[in-house]
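Chain nomenclature is as follows: A, B and C, assigned in order of appearance, with residue numbering initiated at 1 for each chain independently.
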Amino acid sequence: MTSSSSASLDTFHNSPPRFVQQISRLSLTGNLQPCVVTLLVLFFCIYAGYRSGDFWSTLNWQLVVQPLAEAGIVSLGMMFVIASGGIDLSAGAIIGVAAVTAGIAAHHKLPVPAIEAAALSAGLLCGAFNGILIGVLRLSSILVTLGSMILYSGIAMALSDGNSFAGFPEGLLWWNDAALLGIPLEFLLFLTTAAVAAAFLRYSVWGHYVLAIGSNRVAARYSGYPVALTLFGVYTLQGLLCGMTGILLVARLASARADMGQGLMLMAIASVVLGGAPIVGGSASVIATVVGVAAFYIVQDGLLLLDVPPFVQHALTSVLLLASVAVGNLLRGNREGRR
Amino acid sequence: MNSSSRLLRVRERFHRHETKLASLLLVLGIAVAVAAPRFFATVNLALLARSMGVLLIVSVGMLNVILAGGIDVSAGAILAVVSVVLVRLGNHGLTASTVLPLGLLTGAALGAVNAALIAELRIPPIVATLGTAGLFRGLLLEWTQGEWESSIPAWLNAVGSPRWGGLDASVLAAGLLMLVAALILHRTQIGRALFRFGDSPLAAMRTGISSRQPIYFAYISLGVLTAIGAVFYAAQLGAVQGNAANGYELTVIAAVVLGGADILGGRGSLLGTFLGVLLLCSLQQALVLLHVAVFWQNIVTGAIVLLGVILSAAPRLHRKFVLQQSSPA
Amino acid sequence: MKNRHCHVLASLMLLALLLATACSRLPRNSKTLFVMVPKLVGIPYFNSARDGASQEASRLGLHFFYTGPTEADASLQVDVIAGLLARHPAVLAVSCDDANALAPVLRRARRYGIPVLTWDADAQPDSRDWFVSQVEDETLGRHVMDVLAEQLGGRGQYAIVTGSLTASNLNAWLYWMKKQQQEKYPEMQLVAVVAGNDDQQQAFVQAQSLLQAYPVLRGFIGNSSAAPPAIARAIEQAGLAGKIAIAGLSTPNLMRQYIENKTVKTITLWDPGKLGRLTAAVGAMILRHETPRDGMDVPGVGRIRVFPEARKIVMGTPLDFTRENIGQYWF
């Protein structure tokens, strides 16, 4: 009887992953999901390329990487947020605020760097507001970002009066057309941001703190980690990245509207999850997130070229998400995946 | 000793979230009574009650899910699917006694899909329901091919018509369902299992509650309640479209959470949910009555939601900042 | 060990993606592919346009393809069109969610040699070859206001429920409606413009709230096909059927019950099927290198008006549906 009770006590204590071990590894523990997703997408690409001659054309890839880059930048921010154990429902609304701010700046004929700075600062401020409520006041992230989503979309609509801004200077629209060796600049910007994010995650103290907090907040606090400051940083960074995405969207669409970033919030969450990051936080991988974003956009583009009706496309990408997470779980031998 | 314990209970009640919410509502009510007294006209109050019906019914289901520690963002899609099923079958000539059970069954089945993904495949609730939302919505729109049903069977229309001084059947149904839910949540084993499982799944499992039962109950009940809500939704509107109720689930979650349910599970009350729904609906009505521009309505609603969130965390903050006690998380 | 394999695999995929963007292989050319993109798929108005266009396209020997975003979101629509460019269609016809947002991608299409038509809702004029419009914005706006004013006797408060607040064509019609009222019916007063966002439920709730907020409201305009039936329903439920005037734009099928029970006297639109047919016909003309001429008779459509400087084609005049004629229309 003694052995069984101590054994059950042991398992009880061992059930939550030991956060020290986990963060010291700083990578996904046995996460095969990006591999699963990559394989699925590769098979799909081969099939799509076979059925539709246009899939492997330069033009197609040049066109698909642009929205991919935009969603990717938001997904990187979302990756940090989810890694810290939270979620950000207001990402789309922040993009809208940033876009509208850029529109107002352009309306006042400010120079291009000023327009970009305005949009980035707007995103930063929105993210910082979230950060204060979630980091300092320690409110629940899903609730705060639900409220701030409604608030920010209202602000964006009020600022734009429901209209769309046009007449952006060439210097800003340059972001859309510029390309290096045929690869659109937006995509290269995304890759650069991803590299920087990976460096932050792996090699900086802050990245270490983020993963620790996501893994076990109580233990992190008792270990003396600056929880409030770190979380504030996470959400502010998310805001900044949303601001960046706003600028890219404005450049691509040559216009700014309050509802611009609407679908990107769900896309970002789905991408991070598709890449295999646990939604409860504690681990993150930039490559996995990039794989997730790429998978969604490539599959959508392929389905479009395969003449699949738009609603079935929607259903199929949802199935891709569910199937990948299920398979990833099974491979990981998931013990406690809840949130 | 008796009087001091009674005082303690009164103070406890005072600090409860529902009381704070009720006071917030009272303050708002007074403000509106001064600025737009027509809000309290019978006609308008009846309209308010009618607009709350569907939201309240679905919110009770969402409360179950949140109590169990989960979340469901596919409620809007389920609502749309069931309303289209109801109206299409009804328009094809099937009677109410056939169509209604079929509709409820559809809702239950969709809820069961969610539950299965979460309980069996261990997919996190937010991811699973995100996926099913896209799946259900995509399949629904593919089935309807974008055609709207612009007329509903007469019996459904009768359900949605205002009688009894401006109220309609949805108000009655909402009231009844809340009573039933209160009975189930507080008086039956399955209801209590829901609370315990949401509070700590590990502890619940060790005291003999299987992890399947609360999850299946929560999501299937949400499916069934959403189906009932769909009946009144279609009845009130008189038409259905495939892309109906887009984003509806966020409103429902906001209502439940404003009502004091803990998003992590294990805490929440029907009274709180009712107050949350009341707050959201009356806020919307009041803003229109006050001739507030559409843009500002969002800003005010968002600010109130944030205020509600801060209020509900106030005791924790009070302890942390004022009393300088280190409270974990 | 597993992690490293995982990362290697994922990095390889990224590399493949990068290389793919730089590799060269020309897209397949399709000489008869006519692609039609609505503002959003899944509403009856656009379904009718699709049906008309598809009939005419097959009659003219074109291969017809119809797709679009699942919501009336300009960025989604741009993504769809960008994806379609890779197929290099023979003609692209788009009903634009936002005149400004669609312009860059349409310009790109033209740069790739794909002729671009806009129909139903225009983009910036330099981004498309022709705009196939159903009616003149000014004619439509003024006419709808006339319909309402006639029922109100030229005076009283009215409100407008529009579709999406950022839709350029809806805003153009709003502008002319307001202008007509200000010029010809100064005793009427616009109290609010709210958005229904192509969702009957939202329009319904807005209409109900407006009825409460403005007790002396006498008329409504529903400016997008989802709004008028919802407004009619709200008025019926409030017991005010027949006492409050409703005018606006919607399809006969959606409004049939309200016109037959006299809640609504007149609803205005045009035949979206005809518009679709005209779009396909113009597309075929472009492929045959013909130029549309003013006053020419298009089979199945009628006489069209052509404005060569603005590169705009106008199908006709607004069509009113009343109790007398609604039986003839089934869309």
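Everything that follows uses one rule, which is that a residue touches a chain if its C-beta (ideal position, glycine included) is under 8 Å from a C-beta of that chain, and two chains touch if they have at least 3 such contacts.
None of the values given here were measured: they were computed from a predicted structure.
*Asks:* So that we know how the chains sit together, what is the shape of their touch graph: line, ring, star, complete or other?
*Replies:* Graph shape here is complete: every pair of chains touches.
*Asks:* Between B-C and A-C, which chain pair is linked by the larger number of C-beta contacts?
*Replies:* Per the contact counts, A-C leads.
*Asks:* Hey, how far is the Cα centre of chain A from the one of chain B, in Å?
*Replies:* 28
*Asks:* Which integer distance in Å separates the CA centroid of chain B from that of chain C?
*Replies:* Averaging C-alpha atoms per chain gives centres 35 Å apart.
*Asks:* Which integer distance in Å separates the CA centroid of chain A from that of chain C?
*Replies:* Roughly 33 Å, centre to centre.
*Asks:* Indicate the residues of chain C shared as contacts by at least two other chains.
*Replies:* 41-42, 70-71, 165, 195
*Asks:* Any chance you could list the residues of chain A touching two or more other chains?
*Replies:* 157, 162, 309, 311, 314
*Asks:* Could you tell me which residues belong to chain B and also touch two or more other chains?
*Replies:* In chain B, the residues touching two or more other chains are 141, 294.
*Asks:* Quick one: which bits of chain B touch chain C in the complex? Just the residue numbers, please.
*Replies:* Chain B residues touching chain C: 38, 43-44, 47, 51, 141, 144-148, 150-151, 160-162, 233, 236-239, 241-246, 284-285, 288-291, 294.
*Asks:* If we count contacts the way the header does, which residues on chain A are in touch with chain B in the complex?
*Replies:* Spelled out, the residues of chain A in touch with chain B are 12, 15, 87, 89, 133, 137-140, 142-144, 146-155, 157-158, 161-162, 217-218, 221, 266, 269-270, 273, 278-280, 309, 311-319, 321-322, 325-326, 329-330, 334, 336-339.
*Asks:* Can you check the complex and tell me which residues of chain B touch chain A?
*Replies:* Per the stated touch rule, the residues are 69-71, 117, 121-128, 130-135, 137-142, 201-202, 250, 253-254, 257, 263-264, 293-303, 305-306, 308-310, 313, 316-317, 320, 328-329.
*Asks:* Across the complex, what residues on chain A touch chain C?
*Replies:* 27-28, 30-32, 34-35, 38, 41-42, 52-67, 157, 162-166, 173, 176, 181-184, 187, 191, 249, 252-255, 257-260, 262-263, 285, 287-288, 290-291, 294, 298, 300-301, 304-305, 307, 309-311, 314
*Asks:* Would you mind writing out the residues of chain C in touch with chain A in their complex?
*Replies:* Chain C reaches chain A through residues 2-3, 5-7, 9-11, 13-14, 17-18, 20-28, 41-42, 65, 67-71, 73-76, 78-80, 82-88, 98, 100-104, 112, 165-166, 168, 171, 195.
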